[in-house]
Amino acid sequence: MGMTGKEYIESLRKMNTRVYMFGEKIDNWVDHPIIRPSINCVAVTYDLACDPQYADLMTATSIFTGKTVNRFSHLHQDTEDLKKKVKMQRLCGQKTASCFQRCVGMDAFNAVFSTTYEVDEKYGTNYHERFKKYLQEVQEKDWTVDGAMTDPKGDRGKAPHAQPNPDIFLRIVERREDGIVVRGAKAHQTGSINSHEHLIMPTMAMGENDKDYAVSFACPSDAEGLFMIYGRQSCDTRKLEPNADVDLGNKQFGGQEALVVFDDVFIPNERVFLCGEHEFATMLVERFAGYHRQSYGGCKVGVGDVIIGAAALAAEYNGAQKASHIKDKLIEMTHLNETLYSCGIACSTEGYPTKAGNYQIDLLLANVCKQNVTRFPYEIVRLAEDIAGGLMVTMPSEADFKSDTVVGKNGETIGDICNHYFAGNAEKCTTEERMRILRFLENICLGASAVGYRTESMHGAGSPQAQRIMISRQGNIEGKKGLAKVIAGIEK
Amino acid sequence: MGMTGKEYIESLRKMNTRVYMFGEKIDNWVDHPIIRPSINCVAVTYDLACDPQYADLMTATSIFTGKTVNRFSHLHQDTEDLKKKVKMQRLCGQKTASCFQRCVGMDAFNAVFSTTYEVDEKYGTNYHERFKKYLQEVQEKDWTVDGAMTDPKGDRGKAPHAQPNPDIFLRIVERREDGIVVRGAKAHQTGSINSHEHLIMPTMAMGENDKDYAVSFACPSDAEGLFMIYGRQSCDTRKLEPNADVDLGNKQFGGQEALVVFDDVFIPNERVFLCGEHEFATMLVERFAGYHRQSYGGCKVGVGDVIIGAAALAAEYNGAQKASHIKDKLIEMTHLNETLYSCGIACSTEGYPTKAGNYQIDLLLANVCKQNVTRFPYEIVRLAEDIAGGLMVTMPSEADFKSDTVVGKNGETIGDICNHYFAGNAEKCTTEERMRILRFLENICLGASAVGYRTESMHGAGSPQAQRIMISRQGNIEGKKGLAKVIAGIEK
Amino acid sequence: MGMTGKEYIESLRKMNTRVYMFGEKIDNWVDHPIIRPSINCVAVTYDLACDPQYADLMTATSIFTGKTVNRFSHLHQDTEDLKKKVKMQRLCGQKTASCFQRCVGMDAFNAVFSTTYEVDEKYGTNYHERFKKYLQEVQEKDWTVDGAMTDPKGDRGKAPHAQPNPDIFLRIVERREDGIVVRGAKAHQTGSINSHEHLIMPTMAMGENDKDYAVSFACPSDAEGLFMIYGRQSCDTRKLEPNADVDLGNKQFGGQEALVVFDDVFIPNERVFLCGEHEFATMLVERFAGYHRQSYGGCKVGVGDVIIGAAALAAEYNGAQKASHIKDKLIEMTHLNETLYSCGIACSTEGYPTKAGNYQIDLLLANVCKQNVTRFPYEIVRLAEDIAGGLMVTMPSEADFKSDTVVGKNGETIGDICNHYFAGNAEKCTTEERMRILRFLENICLGASAVGYRTESMHGAGSPQAQRIMISRQGNIEGKKGLAKVIAGIEK
Amino acid sequence: MGMTGKEYIESLRKMNTRVYMFGEKIDNWVDHPIIRPSINCVAVTYDLACDPQYADLMTATSIFTGKTVNRFSHLHQDTEDLKKKVKMQRLCGQKTASCFQRCVGMDAFNAVFSTTYEVDEKYGTNYHERFKKYLQEVQEKDWTVDGAMTDPKGDRGKAPHAQPNPDIFLRIVERREDGIVVRGAKAHQTGSINSHEHLIMPTMAMGENDKDYAVSFACPSDAEGLFMIYGRQSCDTRKLEPNADVDLGNKQFGGQEALVVFDDVFIPNERVFLCGEHEFATMLVERFAGYHRQSYGGCKVGVGDVIIGAAALAAEYNGAQKASHIKDKLIEMTHLNETLYSCGIACSTEGYPTKAGNYQIDLLLANVCKQNVTRFPYEIVRLAEDIAGGLMVTMPSEADFKSDTVVGKNGETIGDICNHYFAGNAEKCTTEERMRILRFLENICLGASAVGYRTESMHGAGSPQAQRIMISRQGNIEGKKGLAKVIAGIEK
């Protein structure tokens, strides 16, 4: 089958990806301490797929070749596939306690696959065949692909073609015999740097005049003219501290966001999947967003599992695990987390086949799922902070706990003092273990991982209001009025 | 196939069921205005099953005979059956805006079926075969059966055998060659009077000394020694008013609760399904409660659909339908309602086969489902009251709107005055239609139907704390701690 | 000082007030079982004022005469008076567990007093002096006055003068030398029938063309041309049942709402307080609404106190009072209730003098107060229903508990059976006491008193959106932006 | 009057305070970039007191000397003083958007003042006179004093004397003629390093055997044997970045927490205010905690004001300010913030005099206040994150925006690209201004200031459960039961 995590990391080294951070070019970005945790996350999606015990969730059978492929590049063949997707994401969330970034590609594959079929049906184009070839290559090479949708957008009240800055939505600047040249950027790109490829889609409904903006295509991350500027996160530089370990909370894993810039990038025809058929932008957006709103009912639930476990440990280490209010808060966290999972599962099992044959999720329930994700993780985090206690944010640094500097009258070092006063429930933990759990919670509540668990839960796959609009459209209010009229005796 | 609604109602007339209300025996209880709406609800479960457009949801194939039977007496054969159960319940909720009562029997059938199998396996008893014969008869005669669990309970801190009042839990008072004699009562019995049969189960975990209380059996509603005392509901006597229509809000449908008393009732052996095997009481309770907590993710969602429709109509009739806050509240109601549905669907699709072969729901998710049902309907109702406006509770009676009594200087009647001042958005509704929708909302928010939509959502299938205990047990907190230890670097 | 409760009731008998209910004229409305509980509530405001232990809260010194008067007809002289108002309301709520109705008059007095002063200042009219004379008479005669604001409103999108039905807002139909003739109605009038007088105010901002609608005046409840149609409430007719007691939940007290119709009523000049000065309608509305939104931080808190007590008793009678989740729910109810009280107190202590000299509450905080009242009582009621248990809505009637009809094999009556199975914690209560508490909770959660505790909390003194608009206007968002600009380094 | 902010900072330089951070001693801690923002916050409490426009809130008249002193060292003389305290805190919160740390001293002064009075009354000690002398010196020298209560606590189930580690609660290790020697530590000490003095109090109820732990005293921050270990915060080292400005979000202000260690510190008798009178520990804790729970109804409200302003600006800069859902979210934030303020004001105006003559807040309402503070700031922050949009956490660094490194085909630098793509609503802001507001929100939501606005709101002045216990004790549940019994007809 596909690559191991290690092979994946090596494959990244071979690419000429251009990455900028803190105003400078980062040469060895693969080993950069700020970037590496996000690479490790994606590596997990490879390693788990190589592990037989997770084969059912992590792999699938290619519809092109019949070979076993990573589920992240699979086209959903039925509602079981949709459910397994959610379960795979929960698993990856549990193993990383982070955003593992690879699902945007999977969601883009399934959306582009079904949409190109319908574009071709209408226009006689051959996008669908092109895309199938591309996806077969993705599966064979076991690539990670960034599914990229969000443009910088500029003035929210204006259409793409009417923006003062014409580049503020990504667009075709030249149409050539052999392909197109594109310019613009995709913002908030999760997992863009550590992807082999980018699969670009338009970001919203478009009109007749926006034809140049109605474009979908794929290109490698190191395509000529493409570069990325890394977004900074809470506590990012803590990862640069010498021997950083405990203070990181989650040493190995993390997320990543970047601005991906297309500075006149040439895209050959065989990688172009939409090129001016503006009325299909909406379909592509709704399908991708639908899949991606489903995703949050898996990945964030997995992270939630780790948070609940950490909160339970914190209570134990603090010696408070038997208090009824602590138990009740853990139940509430579990309840909220499983409600999210229920929504992820429900929109999957209620999926339906597209014309192209792959399966789409239930759009109403997927939006309901994501809407809950914009709320419950915040409450889960609040409860975790409650259980953790104030020490989570007042604890001295790892360097203090390990310091040999003498401060006490009897020769005690800073380390001695810290260990003397911050020891927890000795039957359950060492002081360092207590620190580790509290730092993990700090990281997820207000450190680097809060970006993934909180803000991404809020805005990823569309901000809350976007889901409300979809719920309004999909909620069949007229049908419900009809039910009420009959019961109330207004209609028969 | 089975009976029509009309045939069902006629079949009730043939029974000698003993019903008491307001301190007296009710002879023609089938046509009693307070009781009839609950009978009409059950009748809907017959009529819909006869309607070809609902055949897929409302009917199933008997595993005993291969014939088509009402799904309410079906044993779930796979997760599709479990999902269809939820959808059938949503449909019935949409058609009645009430508790339609028949699902307690269905949930009891499935729980008793699988539990008796395991009792027999351990003890070599033949409860399972007995039960299969019984259920086959239920299917053939298309009976409605009250699945009865809740005893009056008395002192919550004492086991059944230790209660000062030995009858406070239903028990075996005599064991005979040909059967047993039971005494006691089942309280809060929804849909007991209009059932043909009662299927009794123990209400909680039991110990060695509670053997006489560990009993499950079936008997007809008019068994000798069995009688019922009707529980009174908010606004019950409004149904007795002459020509009551508009003021009822929901003229045709409603719920029903009663105390079912077993005054030394003889149960022949072939209808006894548990008789002293106390350690199986827990299994029976958990399985029945699990199914029933799933149910609420269907039935209350259907009622919710009608409420949302009614609130949307109320806004329209008030002329407020375009206000952004009104739209937003309707979205929120839809969001909450569909979250409940997602939980109902999720615990179904994650079901698994029992040893006996029928399917059980996912216990964790079913408890999460019900826990949400103890919250969201209250918020849905609050939002409906917000949208409806104060007129919902200050409006004069139907009799006023129709009164010919002259009150005005120019000869206006009370009816004229009411219609003059309470006219709504004339383009959308007549004044009576506006009244009808507001009375429907009154009925569901604080009238007779509030019993079913609010209090039953709270306490039916177990009070909130019961679900929290199950969530705690099923939440695998130790596994979650393990995940956190690995991420935090405490364990490998 | 003023009347006793009994004298108040007798004073009502002397009036020729015209009341219609269920399509007919009610002659002896004072003793009508549906109406009487609301009269009893107002009577409490008289009796408490006669009780020396409550003198500080219930009485005040007239600014006109220096005599002691009922605080309900007092003009607030400082922030202490404003706080005492809230405390008086909490007290009355505790004693009645109902809306005691008399505060609309008090709020109207204070709003009309200060507004007429400013109208006179601008126009040289003499409304203020007229009003002072009127209020002095109110104080002397110790009248209860209905402060009436809400018109039926018709099409929400149109101004009064532009409505198809010109009467849908109350208006001046004739201007005479000695006074005016008014036509129209005031809807949702709490405590209108049992008031001696009505003090009418316009219901919203008005423009140049709405001059005929910009009218404020007072008249007796039995003025020629004035009549009222009683609004029906949940469970209203339960009060008509013979010997009704336990089933009422709150036998003695209740609320009342009516449509008050002005069928060409003549108002002499000395009772006219606004007559066409349309630009002052807004001031009058905001001031009255402000006071009335403050009120809810007292009255509903008092009712909440009784609900919390009842829930605690229900737990005790059920034998569940030691469960940690029960204790926690009682704490939560207390917390929510005291938060409402805090808002009531805060908007009072932050009050300020008007030009006329009486005190106005802080408008922002009063709106915040009422906004919370549209939420927390619903959660308090939800928690009360949780604690009460399902018996609250499944319990047989009082008639059953007292019935001599024999039903059991050993001659047990219905009453025997009910008492046998519904006995609670015998050390704490009789069965009847348990019933009483559960019926009280039924009454407040979904019976007649739910109208006052829930729907009135939602819509009384303006629906939730009305408060949000005021919060937006009063929130000084520009000032807050300025603070943020300085901190963020955008401005110095 | 007192010092200016600048003088205060200079006064700190003169002290020999021992501070450790990252395992090392910090010599010039006054100018250390991580520590300095917290010093600047305290400096604001001096500068505002020197500004005549804030004199009414920021200053008061000494009861000892009649001179004008900073309100932070004032003894509350009436409820007006208590309200002004809350308003002063709101003001300081608005000016710093941080925890300004000085209120713990004020709260300790008032608690120790009244408690020592009652200790002396019982035991004939002279703690009260000692304390008055001390406080007079505090006022004259305009010192900032850390009121210190929380011990590390160790095993939560054991009393101080029964702990395995005897130092885990601070205690008297030696009693001498001229004073006492103390050992132990106070944890989570907000504003400890930048205080001139520490005023120590016991942390919980104590028994007969805990006499050595029942100790209250004052000492200078640089007392011999006293040292502090700085707690690390989210994003702390961002402050060390060269030229850090925009990325800090709040460049000038911040909070501070430390472990304060007493390594056998000698305290002369005149600074000892409790020494073994263990039964007064509870009074001291409840009074201090009561004041401090009141405080949060001021300080966090001020910070909330800045967050609301920043969210409104972010919406404007994003071009989304007219969307109805944005407006509604700003209203909700305002509503929640003012509810907190209402609680702060209400517990103040309902205060009462102690035996010693200063004023104590209403204990029930102060606990209700703090309980709301453990909830609403989290929701305010969630709504701010919603309004801000994802860019808040995906935006490149300040260094990128200012970088001259060329990356584009046409010579565009990283700075050019960032400014090209991240420009906001050009009519309202520059790109840098947009960054500044988003970074401010990042800082308060998940950066350094989240420690103060979120976690401190949760655990400062006692964790949520501590307030619930107090609400339970203060809620007079028996009185409420009595009210319900009367209404329900159980008692007369």
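By written order: A, B, C and D. Residues from 1 in each chain.
The rule is short, and it goes like this: a residue touches a chain if its C-beta (ideal position, glycine included) is under 8 Å from a C-beta of that chain, and two chains touch if they have at least 3 such contacts.
Source: prediction; values computed, not measured.
J.: Is the structure still one piece when subunit B is ignored, or which groups does it split into?
T.: Take away subunit B: still one piece.
J.: Once you count every C-beta pair in contact for both, which comes out on top, A-C or B-C?
T.: Pair with more contacting C-beta pairs, A-C versus B-C: B-C.
J.: Find the geometric centre of each of subunit A and subunit C from their Cα atoms only, then give the gap between the two centres in Å, rounded to an integer.
T.: Result: the chain centres lie 52 Å from each other.
J.: Taking the mean of the CA coordinates per chain, how far is subunit A from subunit B in Å?
T.: Once rounded, the distance between the two centres reads 41 Å.
J.: When the C-alpha atoms of subunit B and subunit C are each averaged to a single point, how far apart are the two points in Å?
T.: From the centre of subunit B to the centre of subunit C is 36 Å.
J.: What are the residue numbers in subunit A that touch two or more other chains?
T.: As it turns out, subunit A has residues touching two or more other chains at 325, 328, 468.
J.: Going by the contact rule at the top, pick out the subunit D residues touching subunit C in the complex.
T.: 83, 94-97, 245-246, 249-253, 305-310, 312-313, 316, 327-328, 330-331, 334-335, 338-339, 341-343, 345-347, 349-350, 364-365, 368-369, 371-372, 433, 436-437, 439-440, 468, 471-472, 475, 477, 479-490
J.: Which part of subunit A faces subunit C closely enough to touch in the complex?
T.: 324-325, 328
J.: Quick check on the complex: what are the subunit D residues that touch subunit A?
T.: Contact set of subunit D toward subunit A: 18, 20-25, 150, 152, 154-157, 164-165, 167-168, 185, 187-188, 225, 227, 229-235, 237-238, 241, 247, 257-259, 261, 263-264, 318-320, 323, 325, 374-375, 378-379, 382, 385-386, 389-397, 399-400, 402-405, 407-409, 412, 414-415, 417-418, 420-423, 425-426, 442, 445-447, 450-451, 454-456, 458-460, 463-465, 468.
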